[in-house]
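Shared between the two complexes below is chain A, which pairs with chain B and chain C, respectively.
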Partner chain A sequence: MATRVDTLEPLPSPEPERPSARRLSPSEWARENLFGSKLDAVLTVAFALLLAWALYRVGRFVFADARWEVIDRNITNLMVARFPRDELWRIWAALFVLAASLGFGAGAAATSRRRDLEEGRAAPPGRTEVLRRAGPVVALVAVLLWFAGSLEATILTLGVAAVAAGAYLGGRRVRWRAARFAPIVLGGIVIAFLIVAAFGGVGWDNWGGLLLTLFLAVAGILISFPLGVLLALGRRSSLPAVRVVCVAYIELVRGVPLIALLFMGAFMIGFFLPPGVDRPSLVTRALIALVLFTAAYVAEIVRGGLQSVPRAQIEAAQALGLSPLRVTGLIVLPQALRNVIPGLVGQFISLYKDTSLVFIVGLTDLLGVAENITKQPDFLAQGLIVETLLFASVIYWTGSYWMSRESQRLERRLGLGER
Partner chain B sequence: MSENGGPMIVLEDVSKWFGDFQALKGVDLSVDRQEVVVVCGPSGSGKSTMIRCINRLEKHDRGRIVVDGIELSDDLRDIQEVRREVGMVFQQFNLFPHMTVLENVTLAPRQVRRSPKQQAREKAMELLERVRIPEQANKYPGQLSGGQQQRAAIARALAMGPKIMLFDEPTSALDPEMIKEVLEVMEELAKSGMTMIVVSHEMGFARAVADRMAFMAEGEIVEVGPPEHFFTNPQEERTKQFLAQIL
Partner chain C sequence: MRRWAFQVAFLFAVVVVLLYLYENVTDNLRRLGITTDFRYLRQPAGFAIPDSDFRSSQTLFDAVLVGVQNTAKVSLLGILLASILGVVVGVARLSTNWLVRRAAAAYVETFRNIPVLIIILFWYLGVVLRLPPIGEAFEVLDLVVVSNRGLVVPWFDRVGAAGLFLVFVVLGVVAATVVGVWRRRRLERKGEPARVLLWSGGALLLALAVGYFAAGRPWVFETPERGELATSGGLRLSPEYAALLIGLTLYTASHIAEIVRGAILAVPRGQTEAANALGLSGFQRLRNVVLPQALRIAIPPVANQYLNLVKNSSLGVAISYYEVTKITRVSIAQAAPAVQAILLLMAAYLVFSLAIAAITNFANRRLALKGR
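Up next is the complex of A and B:
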């Protein structure tokens, strides 16, 4: 309770008028920010002209000059390359399973966030949040369907979207902790994978196009992340043998170009295997090279995070009687990892795009198909590489942008409350 | 586990080196059950190092430390056993910033004692009531004032039901207006019969609460005695000088 002081007038509340909070009309805003001075005006006009010219050229190319027939006719090749066409139903089935499990997970996560919201631990979502988050991906799918021009694919895609939306609403209705719904999401991913690859399905050696790109990226991230964390912890271990092995590994791998690792994986791995053991398939070898490469970088990023956790945090945890494993797992790693989200996501975006390098060891990922289809008899020597590369780039960009945005969201969400 | 009656903490000829620097020079100290000892002395005199040795945040190089009948050695199980019985409060609070206050307090009971969740929560809320911040339970440490954080840290240390509490300059990082709220909580704790070693220069608190005062300088305990003698009639020259400076 505030003590009352009789002789003083209460201060006027500072709320009513704050000049900066006044909303400007668009013309006022433009006058203030775009045409504030003569130089401002000149720069505004110059950049507007430049932008308009660039947009015009791109727009003219995309909508008038470009010959998209090469994409139209090869959309299935771009998606899956030499994946057998009479097994495509497996991919659709897998998409339905993924939509159900990921949609459910997203819904349940949103609910667990709502609980944080009620307890004042999270910021409320903006009105346009769902649109902003799903927008780029939805736009990309629309473009793909437009190229496919297939009623069947459109109906199936709408079905996948409907299942995802339904699962999301279902997920909103449960009040589960992450530990309870995470197994459902992971299980869904495993089942989707098995539908495509097992039970008489198509092993990943016959995957290609976007399917191979996404497989390499997702599997690469999921395997290299824990491996990198272990390497980072090993590098700080008090056991000299562990430390030396980890340091040697990290420094060796970081000193070699990824292309060299891919070639080594493709052609030299046989030297390291005991006699009688079959060489793993080319895709597996490429995946191993990508994982080994990324893990070394992840390890150094995570080490930076580990160093950012004050020694006092470890002491406080030890003083409570926590075992060394729990000190690391519950106190050090959570703080270390959240401090290095930007670096980690940057590395994963790199990995996603670096999967295109598997082209050089003879795999046909998305970029590989984009190059190959310009050599088909109908399209040979017509300079169509611009169209196909632009198409592939849009797909890469959408994925990278999505990862970047989601990581910013995660940062904001985890950062709140620390200040 | 030792029988009741023997001293709670015994330090015998404890020495500790940091490189060439000797931080503790043969410290002897015995603390009885339910006794409150306040340790003061100039900075660098080894006060913090001494209490950090008692729960093995620092390893002593020579001598013996026995806590409630358990001698500290390299045996990790003994160390864990001692840490479960000794709560510690730090100058900089050292709450875990990625957990809410409630999660900070329930962490050790859940992970180390394996208490059921509901029981741990109830006990934690009880402790937060005791340090008078139950309404902060679901906030993160970064959202609390320094005084509130330090009280949350005391609740966290109490959650393991320790027999001994160590305080390492608990009010030195606080703004003046927050010192009192923390000292009040510590005073109540002392009255409840907790065995405490408090490194502090809050002499008002020491007069009111301490059973014995200890003065440290240059890695040695120079003088130990009941506060009434310690403040009015110190025996050692160095104690006199120190008290003249801070009183």
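Up next is the complex of A and C:
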């Protein structure tokens, strides 16, 4: 901006008042949004008919034609498949721990948000916000409980919800920065895992259904994250040898479909081991394939974050005499990783959906169970696959839709793309 | 100096790990009496491929080639259909019509958040295989026969020599190019509307029509006839092909629609306002001002979606569509060495990926606005 010397320049006029958005009456709204022109009117009528027909067909199927008995009787199978039934208490215990840690984390996050609010950096929440945010998940849990039709499960679920709410209120009392509660959430996940798998528990080879799907997705992203960060750093390294190896790995993996890697896990990993070593279970091998696959994508996401850190930051750190390791660890990575959180959530969502591919190599994840139960003697050859696939896709859809919504919110809150 | 030492040590470590794995693989294979080279590809396949001329006495290498062809068949048509549907839905998401906008959003949110494998399985097991058997197949306008044995569409049937016709095809393409260049020059000199599509397309069609009759009608357009147990004539799309194509198209289109929507929003508002000020109609504004700019922005991410579509076509393995992944799976089950077969499979996909990346990079360079 040019230097201002001319004192005669008029003072900046106050912000012109925006015409207040008048609420349209229903007929005005319809004229504006549905029948603006002849073409609009035709489109509206055509789409209204089409949508009405689709809704009628889906509604009639869901509430009248579908035979939900196959889901009713297999709800536990769909959730955990071959998991031993007398060890189910471990899963409930794990759910309580998860609820506590996630609730606490969310509460602590809300605290830091309240500080943002007080300082005018965030918009106050709307009245219906909580309902809108939790809506899809609550609806899904309700559907699951309806199918389970068990009083015990309902009470336990309410207990889990109560623990989550209590932990949330507890979390709001602490005044921590955001970085502090990440270890708590992570710790919660690890403890939950140990409760199920360790101390005489059930190893993941015997997990199945939704439990296996979630395990593969969460373990996949957690293990591939450090690998991806290393690959991204390697790709940005000033050492040509390191760079070439990392680029070769990333591009090779991104050029082949996940199913090819899963085949590699299923048929090839055994050959890589020295003679005499037993090959790991199919679940482990599938997890290895998922990790190898996801690491390449995480690396590309992290690379984007690394590139977003201004060069001046690195130069300033070097000027302070920090060693290269410290420049990366203390200056570059913390800023880069903060910028890639939404990208990582997106990768997690796509991993969550992609775990369905393990069904092709013969694992009984959620999709695997959904397919298998149509072959039970009672349900064989009755064409129930539509019901079971619909049920599975509702679970996938809710999780993935809910996470992408939350990720968009997070993106707005972090103010990414605004700088 | 330290940098060099580190790099040498790093490369050394990588090579040692790779050699160790290689040693283990060859060791294990030898002990199990499995070949360690690619000569197995010359052996007869021992399995037939549905919907192709492939016989089980042909070599495994031929089988892989058929698989690559089938992958290309479903990918190319899928890319075409997904692009069209994606652009339409992306534009519809920004429609001024509330209902159209919400319907497009519902479509996108539904298909983006469900695993593509479930979409494909649903179309295969839930829709295509549940169509009526051939005896009760329904026909659309006497042209398309729809049954649980697939879709039969009208197609050309070859009855005569086609050599002369092919010459005319080449001539037609040349003529169309020349006419196109001429029309564009005229536009630049005299400001006459170019109408390249009309003129070039006309020239091509004319050449094709002349060639068709000059060669003595080598092709006959045949509509399928429905029999009791089979259909005759026309081109049959197998149920597997149809389901995979529909599933891939619907899933990829939902992603492309989001990209197109973002690209349209990224076109500066001033462009729309200027088009309005010039008195262009809504369609003209979209066709001549907004979309040409938006699609340029959209090319790189859409190219990524094309790559994803090709890779997702590997899910044909779940519904026994014999693309290259399914062929690999079957050949492993038929005692082909798994390690080599999977390496070959990965190589095939890398070639596909590189080809598509090369084409789209070329398109991006050609279409990118210069001088910005």
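Going forward, the second predicted complex is superposed on the first by the 343 of 419 C-alpha atoms of A that agree within 3 Å, B and C clash if a C-alpha of one lies under 4 Å from a C-alpha of the other, contacts with A are read in each partner's own complex, and residues count from 1 in each chain.
Criterion: contacts are C-beta pairs under 8 Å (C-beta built on N, C-alpha and C of every residue); 3 or more make two chains touch, one makes a residue touch a chain.
In this text, all values refer to a predicted model and were calculated from it rather than measured experimentally.
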First, second, both or neither for A:Thr44, with chain B first and chain C second: second
Chain B versus chain C as contact partner of A:Phe263, first or second or both or neither: second
Touched partner set for A:Gly321, first chain B, second chain C, both or neither: first
Touching partner for A:Ser356 - first (chain B), second (chain C), both, neither: second
Touched partner set for A:Ser400, first chain B, second chain C, both or neither: second
Touched partner set for A:Leu389, first chain B, second chain C, both or neither: second
Residue contacts on chain A - larger count, chain B or chain C: C
Partner chain(s) touched by A:Ala312 [first = chain B, second = chain C, both, neither]: first
Touching residues on chain C, where the partner in the complex is chain A: 3, 6-8, 10-11, 14, 21, 24-25, 27-29, 31, 95-100, 103, 109-110, 112-118, 121-122, 125-126, 130, 311-312, 314-315, 317-318, 325, 328-329, 332, 338-339, 342, 345-346, 349-350, 353-354
Residues of chain B that touch chain A when the two form their complex: 55, 57, 80, 83-84, 86-88, 90, 92, 94-98, 100, 107-108, 111-112, 138-140, 142-143, 156-157, 160
Partner chain C, residues of chain A touching it in the complex: 33-34, 36, 40, 43-44, 47-48, 50-51, 238-242, 245, 252, 254-260, 263-264, 267-268, 270-275, 353-354, 356-357, 359-360, 367, 371, 383, 385-386, 389-390, 392-393, 396-397, 400-401, 404
Chain B-touching residues of chain A, taken from the complex the two chains share: 119-121, 312-313, 315-323, 326, 330-331, 334-335, 338, 414, 417-419
